[in-house]
């Protein structure tokens, strides 16, 4: 794989003209070298800094880029919201990051057949906003509501509504894929190749558009919250319900730790702190059936508590915040192994002296998508690293219960054999070779992680080696986990510090930031401003030119409306600006130009007024 | 035709932000600084902050006209418009907030208040509000005075007029002609009720002199010979000093200097007049009489005794002072007085001046229709100087608009502006009636449409007699 | 072709009523009476309120941390209190309350109260009549606000279909061509310049839809109104702005304006800022200079002179009806008789509390008398003279609602003219800034290109169509309650009215 020469950059610039936005600022490149995971050593293992970031504005531009990349053998890393933590969007060998945020158009709404065609960069939230007045709704959507369509196709496919509507694959009518050869193919659901593009993290081609099947907008959601004595009872209840032929829209499990934190967050003991499920119906008849079925079983909480949790479905990281770094493991498990697995991991966690939170979406009659997470703090590096080792252990344990990891990316690449059987893997590898002979699409991960240093560190990520390691670690875990997370005093933390270290980088803010929308400048993305703040706090070097971008903010506070962690962002911005002003001064002229550019933008006003129906 | 009288007006912006009708509140928690309000407001209420345009500055409330655009366009509903309590608390039930804001506007611009939409006030009301003025149509053509297409005179005269003139065979007038002096508009400045200070007197005197009108002044308080042509000393307590004889001597110089003096009425007033005339036959004498139940008798007596000018005063709210009927309003009192003198066929010989409760230009016109020759105003002069009628000065407290620091030249201009605007409004009314001289308006009760009368005339036949006339608006 | 609607009506065909369509405010937010208040310190954003409210006041948007701020203008207010979906009762944290909206408190004045303004908006939005005293009277303490209908306890013509109640008015009671309008009201004169062309077109469109008229005012007759010639009245006023033989021949009614109620004795005012190039061209004047119409008609100093005027119109357009618009001086009854003898078909009385694009406040408040007195005065005098049934009496100036209209008719008018109400339907809040700077901040009384963008012709026409529909329904309801079948039966029926000032003793209230 080659790096990008200056000449090539100029060539691309000329070639793309106004059809794409190119950037290669040092800070911007740094921003694109990460996802939501915090892996301190990733930079040592891979060339995570891209050489260039391209934000194509149309599909023609994308075609031109892929052609050049294929010719010049330059790696391409497509990127949506970057809301996964497995490294699926992180460059491994420099190259080009393809930012899809400008390819977010809604191409066509077919009201009659209830289908919508959107570009891959469209966010699920955009689609919902668009459909609001059409009496139509999406079938299922990811819990990362502000992520892109392309992103979910490439990574997961299970989310809210998966119980009723199954995997994303079954609600997509067709996709359009761009191959390294420059060929664009429309692939329908009944095509043999169709399924290959789901969960394969952009290995085979770049998804351009997707045609989604919709449903009539439900009149309302009817969530119910039921408490149980133990996990086993939960599973029995769900099984019985399924057997009784009741079809909810969605079922979500939460454990007692989750509800405990919720109570803490609300500063009131509203929820019982035990295992519980939220069963949600969007069909009145089914709801009635359920009510008579469930009358005898479990303990039913007040409706408003059910509603509260139902709305929290998109904020799974909310209660991890405030000065800590979340760590998580996602795994798909057969329902019958759900309880045993949960029991085993809590034992294991005890050895690491961490408190696990478990949430799970039931994604069909037989399976559950389990999300295990726990808090750590990256500022306590040794402990953090110890905590980090727990993740593969949790995943490994899951595989022994016939589970499969939800995604692979870089860090789960060692589990590829657990995700695909031998024959399928062979088939995929052959297909990869066929469509991407130069391996320019998202290389160095998924099939196998390839690190720097002649891949010697990468040996550790070899499935066989890795398996061995994961067997060893539990033995030493008590030793590793010795430097237990100290209760760090957060009293004298400023609002900015608190915010910076509580941000989970979900990127929801970007979807709701008018300044980012109008300027399309990645440095104005609130999430990235917090990253700059982090560097400031950690006394790393900051360029004046980057610092000045921070001031291009109307302080509208809309970022906060969608912040998973409900962080006090406005105070943080003020503090950040104050600190930067002390150091670099205030860019008065840039601010003035920014304000008038905002007011002159039609997109801006459309956005401002779309906030309310 | 006399020389055309016109009043030059110069913009005199207020020193303090006027009290506006509305208050706009911005909910800082809701505001997203989108700037929509700054773009939609035509009046400059909303602005971005000078020092940091990403934030909004405090709304400039007094500029708000209540159009509700910012309210309806704010995407966050972060703005609320409220009635300004300070505005509602201005003045009292008679001196309404609207009177203040209109006087301020006129004093600043010299323009007459013009607005769109229809009339917004109550149907009718007390005092001057219980009458409309009549206009002309088709067969009694109107006059176009305001835009200068026709000349309408607003001059009025002070002094005794002879009922008939006698001529000798050669056609020369042989009747003795009394002293008469004219002012170009039927408004003089009465003594101000409070807020006494040298620079305010200076401002008023300067304005009166500029306008060619009179200003009543307590000579013991202030007298500046520079303006003597416009100053009318008000001499009080003369009879108290009468027994000591020559009580007038101390005023002798003053009387000789002035075109007119005013004496407060008391039982010896005729003697006082006689004594003054001895000092200066050329000085016109006005007798100040408080309106009360006995006023008609006094007026009758004075008129027959040859009084030149009778100044009838009501209280500051236009209420008759010494009366059993506390609600009796100056409008009704002057109507009765006028009618009495008409009945005695002596009305034309004497000048009636009216003061008390004259707050707006329309009150001048209405007072004249009801029988006054000329009006005297007091509080509007102070309001023109931004006074808020808070009466803090009564209690020795500081003035919110620092009247003591007023620049007399500036103050004079504000008063000139106000008077210019009032005179224009008088021209509008005269024009609408087809009159070319304000002297023709005096006592022209046929041009008054009185609420009680018109209600009886039109509604009694419909709804039966005995309608009550309690006009009250709870708004 | 040109007289097609006329023909149909005469042949006894009924034309269907114009279509009422929902036409919400053209601003993103509406002003309402109630304010739904959420105490954010108590609210946990569970979204119960959003789940129960059927009107969309509350919204729990997917992906947002909190429940959205309540959209108070969608709330039905007090009417909700006993409903099973009353959000205040459902909130588990008792975080919700419903109070009075501050903005609502500051709107309106004693003539046009907040409820009359908001009520007119509602009618223009939905086309449905409103019930309740607050939508019937203002708070001026006199005139229409002290008059009420005395509905007989017996004699309601409930059985009569609404469609069978006739609201038609024949405008010509003399010889010659008959022109009837389907509702007993038409639009008053508003000149191009005082309002935008869009407003004129919206009014004209609505007038055509309802088979009635609207008037050009004295600012000329813009070409764009050509398709509406059959529903236009053109005005000849003292300024003679834009008056031409051609424009007089286009219309079916010509109106002479001697005076305007809001500024009787004064000519039209169009201040310099509003004299844009376009307006100036139409008026054959200079852009940017204030236009004050002279006063009076210097060619008219007697009834005979006036007759010459009327004859002149008849010469130019023999078919046209002549309306004479006068203000209300104390001798208005004599004026009316003079107008009849000069040959006019319609006498249009404009009372002193009417609207205007710009007038000195002193004139609006003080000159001439309110219409409530002028109508019976003229009606009775014409009756005495034996000519009441020979001339149509139209009243205007301070008629805000269908109730005012009915009261004016009961006092003796045949029909009424709508001015301000049309504009309120288009979103006017009566801030009174019509004359200032660039004109109306709400895009109505302005010719500023940017501001007039606020209104679209389609929307405006629909709002006025809706308002007229609501007014007509109200009139029908009043007639039904009085046991009448036609609006013409109501003319001069003083006995149907009571005046609150004339109620003695305990009967009050």
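Chains here go by letter, A, B and C, matching the order in which they are written, and residues are numbered from 1 within each.
Note that contacts are C-beta pairs under 8 Å (C-beta built on N, C-alpha and C of every residue); 3 or more make two chains touch, one makes a residue touch a chain.
The model shown is predicted, which means the values in this text are computed figures rather than measured ones.
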{"item": "Reaching subunit C from subunit B through chains that touch each other, fewest steps", "value": "1"}
{"item": "Identity of the most central chain, Cα criterion", "value": "C"}
{"item": "Separation of subunit B from subunit C, taking each centre as the mean of its C-alpha atoms, in whole Å", "value": "36"}
{"item": "Between subunit B and subunit A, distance of the C-alpha-averaged centres to the nearest whole Å", "value": "76"}
{"item": "Whole-Å gap separating subunit A and subunit C, where each centre is the average of the chain's CA atoms", "value": "59"}
{"item": "Numbers and ranges of subunit A residues touching at least 2 other chains", "value": "609, 612"}
{"item": "Where subunit C touches two or more other chains, by residue", "value": "28, 69"}
{"item": "Multi-chain contact sites of subunit B, meaning residues that touch two or more partners", "value": "75-76"}
{"item": "Subunit A contact footprint on subunit C (complex, rising order)", "value": "28, 44-48, 51, 56, 59-60, 62-66, 68-69, 71, 92"}
{"item": "For the subunit B and subunit A complex, residues of the former touching the latter", "value": "32-36, 39, 48, 52-55, 75-76"}
{"item": "Complex contacts: residues of subunit A adjacent to subunit B", "value": "514, 551, 553-558, 591-592, 594-595, 598-599, 604-605, 608-609, 611-612"}
{"item": "Touching residues (chain side subunit A, partner subunit C) in the complex", "value": "125, 128, 145-146, 220-221, 266, 270, 302-305, 307-308, 310-311, 314-315, 508, 560-563, 566, 609, 612-613"}
{"item": "Subunit C - residues contacting subunit B, complex", "value": "25, 27-31, 69, 72, 102-103, 105-107, 109-113, 139-143, 145-146, 258-259, 262, 264-267, 269, 271, 292, 294-296, 298, 300-303, 306, 326-327, 329-332, 335, 338, 352-370, 372-373, 376-377, 380, 397-398, 411, 420, 428-438, 440-442, 445, 451, 494, 497-499, 501-502, 504"}
